[in-house]
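Consider the two complexes below, in which chain A is the common component and chain B and chain C are the respective partners.
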Partner chain A sequence: MKPTVTALLVAPAVVLMFGVFLLPFLFLVVLSFWYQTPGSLSLDTNFTLANYARILGDSYFLGGLWTTLWLSAVVTVICLVLSLPLARWIVRRAGRSKGLLIGLSILPLVCGALLPTLGLVNLLSPLGFINGLLKSMGIIKTSLPLLGNVLGVAIGLVQAFLPLMILPLITAIEGIPVDYEKAAMSLGAPRLQVWRRVLLPLMLPGIVAGSLLVFCASLTAFVTPQVLGQGKVVTFASLAYQQAALVLDWPFASALAMVMLAFLLLAGALGAFVTRSLARSA
Partner chain B sequence: MKRIACYSAALAVCLLPCLPAVAQDYSGHTLVVGTWGGDIERLLREHVAGPLEARTGAKVEFLLGGSGDRMAKMVAERNRPTMDVTFQNIYEAPAALQEGLVVAPDAALVPNAANVWPGMNDGCYAMSLNGLGIAYSKAVFPETPEWADLWKPELKGMMAYAPYPSSEGDGMLGVAARVAGADEHNPDAAFAKLAELGSPKLSYSSLDEVLSLMDAGEIAAAPMISGYVLSNLQNYAGIGFVFPKNPGPVLVRDMVCQVANGPEPELAQMFIDLALSVETQTAYANELNFGPTNSQVTLSSEQSERVIDTPDEVASLLQLDWPYVIAQRSAWTDRWNKEIMGQ
Partner chain C sequence: MKRRWTDLAWPVAVAAILLFLLAPILVLIFSAFDGGNIFRFPPQNYSLRWFETAFGHAEYRKSLWVSTLLGLIASAIAVTLASLAALGLVRGRPGYRFAVEVLLLAPLTLPLVVWAIALLSIYAQIGLNGTLPGLLLAHVTITLPFAARIMIATLGEIDPTLEAAAKSLGATPFRVFWRVTLPLALPGLLSSTAIAFLVSFNDVVVTTLIAGAGWITFPVRAFSRLRTEGIDPTTIAIGAMIVVFTMAVVIVGQRLLKLSR
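Moving on to the complex of A and B:
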């Protein structure tokens, strides 16, 4: 295909990306260095680092950042632990149901964040299914606090982002010949050792990709922490929403978003570094 | 025959000024109205948008969401607004006027504005009156509570609040300040007193969520806007609502605004006029329990008891210094996050 034809075919997507993503994003960057005039909706457009200084100088915002980071890390580890056996089972054992199971596992991705999260509210609330069941069985007398805390948010994030881990792992396992596992077992390797010495090293690119996806998605998640955290779990996305939509301090909300973006880029760079290292050592 | 024609002509001349100024055909025009969803949208469709569409041929399109989103939209579209009418709350309307985002109320353009109780068209046109009272669990409070009763030690950590910033949160700070013997101009006293209630059990985003938990006694009480609670009480036998006396309930007012430089100013004025009409205001009171601002509205004595519908009642309500409160918004949000939510 001629370069001019290629350029023409690519042009609509480039224009669209520039207009609806890059341009607003650049504005967001600039906005984060402006300042909201106190008690007014007007913006002071002189360059300032005040918003960033406010974030870095206030233990509340740093605490919110720390909570967001470690919550994302914990969710990533839980998703990985749950997905490893599930992905292998789907690839090796599911047989004809494989397509159906893959479809079911990506269901949380296609239904959006809100509906499953509201479903979880019904499950986890003090009057919800889990507390009701435990009470009716006489195991508890007062409701367990499953909402409005980190536990509830972590449950929601794992439910929401499990598919982002499962799919890369399925791809990784599909690339490993089943004979490798059989050979290891025929030489007397216990099942755990097969996982440790054979499967996990060969699945590493998939593990890195899945972990990166889940970590980044958890870092920027808004709906799930907002609904299940009930305002009591402070994450950076919920802080940015509060500042942008309720306080109407858009420069500060933009600065919060930029800090989040910095950590996303950091996570991406780390993932790329690990992937390159793995490729070199392969 | 000639006489009949003369009488007809004379009658037509006499009636001409009485005809609504909507003879103009607005077919092909679209009026964009930003408001809250649910019952408010339904009522506006039935009593305002429907008649306006029938009379003018125009189409009314609703943008549903929170009032903060609409403020953000007005600021972002300051030079070329796409919204014509917006519903804001009591503290946003004066701020929007001050920023030049909305048109100042004018009874010459919106005739029903002249019927609104004096002094209420502050920033925009006053749409409805509500009071911030106490929604409470009857299992926790066998007797109707006063504000001070919320500070009983055994109830610590059993409150629910709307997300801050909000009319409910600011109202509760104003109440806490007064319980502490001060007012909202002393935020240290307000926050310290409110912090004594403990971190809330719930920061609710849905009315059903908080009312279900309150009905079950899991939540003791919540400061809530009267109209929203009263309309739902029939579904929850275990919940009561009271306008406390010391201090009185905090005045909360919904406002309807004409967006400055909006694409359809005439339709916007007609929409607002219909929204302020006796018929719409009566429906607001009877169906939503939102107090009418139109002084010509007459409610049944039973319904009048449930809503705030006279200037005397309004005078008995606690009115916050909203310009001062708005100026503290950012600082108070940080304090709310740290001192109230983050305990």
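Moving on to the complex of A and C:
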């Protein structure tokens, strides 16, 4: 294939992704240094740090940021713990139903953020399935508060983003020859040892990749926290969403978005550092 | 073999995790058939009344139509652009292949809310806010990475010697494409179209920010109703249908791809 033909084939997609996807991020940087007087829609295009000062000076926004950060960290750890056995089972034991199981595991991803969350509202609400079941079994007398708090949001985020962890782990386990596990087992290693000494070290790149995906997705999620938090859990992305869609203060929303982006880049850099230092020590 | 209980513990744990993953979706489907006036599970008495209400509701019909139209056009454009690019990258093997792949797959890793906020402010500056072209551009952008990933993998698996053989037997480049490359790439094309359509159809995050009042998709309508009025059974009924449709596409897609291998 001639280089010009190749370039012509690739060009439309590249132009689109550059113009519509990358350029807005650059505009975001600029916009976050502009200012919009609260209550008006006129933009002051002189350079100012006012938006960032407002975030740093307001405990409401800082509190939202803090909640979001630790919530995302907890969600990432839970996703990892749940995905490890599931991913290994799908790769090593599922046999012919492997494709079907992968399909089912990615279902929350392609169903969008909203619809599975609606189902969760029903499961978790005071009169919902879980509380009803526990009451009829006589385990609890009054309903557990599972909705409108951080617990509910955490459950929703884990459910929504589990596929982001499962897929990289499946790829990671597929890359490890079964013989390694068999060798360790035949030498008498108990199951936990096989995990700790064979599987986990070899899976680390996949674990880092999956953790990054889940952490970033949780950090920027706003549909799930809004629906399951019922307005009582303030996450950073829902603050940015409110400013952009309801208050229409785009410079301030951009500054909030920039803060999210900064934490994502930080997480990404940390992930890259971990992977590289592992590669060196191996 | 000793320690039988661990042999049983793994499958049970795996089943429990899968159940947790799928329970909300199953609940949504079952509660759509409830005859009562509130959203509940398990359903008390089965009825189809909410499906009737859903189809009788002009507002819902319109938003479903908008979602379908948007999904069809966006996925068609995205798959076309992605396939052309994948063909160039896989067959041309240019030096910039890695850079282009990173760019095309970027929306999978970068946060869409952040991007949508930026896009919203740009659209407002150039007057694309709330218009169909603006919405289409955004949906092509979020669906293209899914299509690109599948198409790059699909074309990468096609043996180039098959094309070379057809060419050496005297087939024109167009004929080679039409009779060799296209049939071999068909499963990938179908599944990338399906995934792109689903991603576009079910998107809330980006659409709710840039849709405006004129082109409200179903997920956006459901999300805004949810915040103002809480959950109503009509939303559940339509949501259940969408989820069933999505499940069917994913399962059939998996089968198709497996058969092709």
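Here is the rule we go by: the second predicted complex is superposed on the first by the 280 of 282 C-alpha atoms of A that agree within 3 Å, B and C clash if a C-alpha of one lies under 4 Å from a C-alpha of the other, contacts with A are read in each partner's own complex, and residues count from 1 in each chain.
In this section, a contact is a pair of C-beta atoms (placed from the backbone, for glycine too) under 8 Å apart; a residue touches a chain by one contact, two chains touch by 3 or more.
Note that the structure is a prediction, hence the values are computed from the model and not measured.
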Could you say whether A:Phe273 touches chain B, chain C, both of them, or neither, answering first, second, both or neither? neither
Touch test for A:Phe47: chain B only (first), chain C only (second), both, or neither? neither
Look at A:Pro38 in the shared chain and tell me whether it touches chain B only, chain C only, both, or neither; answer first, second, both or neither. first
Mind working out whether A:Ala7 is in touch with chain B, chain C, both or neither, as first, second, both or neither? second
Touched partner set for A:Leu127, first chain B, second chain C, both or neither: both
Touched partner set for A:Tyr180, first chain B, second chain C, both or neither: neither
Touching partner for A:Trp66 - first (chain B), second (chain C), both, neither: neither
Is A:Gln226 contacted by the first partner chain B, the second partner chain C, both or neither? both
Give one of first, second, both or neither to describe whether A:Leu246 is in contact with chain B, with chain C, with both, or with none. first
Of chain C and chain B, partner touching more chain A residues: C
Can you give me the overlap between the chain B contact set and the chain C contact set on chain A? 121, 127, 226-227, 244-245, 250
Parts of chain C lying in touch with chain A, wherever the complex brings them together: 6, 10-11, 13-14, 17-18, 20-28, 31, 39-42, 81-82, 84-85, 87-89, 91-92, 94, 100, 103-104, 106-107, 109-122, 124, 137-138, 140-141, 144, 148, 195, 198-199, 201-205, 208-209, 219, 222-223, 226-227, 231, 235-236, 239, 242-243, 246-247, 250-251, 253-255, 257-258
In the complex, go through chain B and note every residue touching chain A. 66, 68-69, 71-72, 75, 95, 99, 101, 163-166, 199-205, 209, 212-213, 216, 218, 326-330, 333-334, 337-338, 341-342
Can you list the residues on chain A that touch chain C in the complex? 1, 3, 5-10, 12-14, 16-18, 20-25, 27-28, 31, 82, 85-86, 89, 93, 99-108, 110-123, 127-129, 159, 162-163, 191, 213, 216-217, 219-220, 222-223, 226-227, 237, 240-241, 244-245, 250, 253-254, 257, 260-261, 264
Which residues of chain A touch chain B once you look at their complex with the stated criterion? 36, 38-42, 58, 60, 121, 125-127, 143, 148, 226-227, 230-232, 234, 242-250, 252
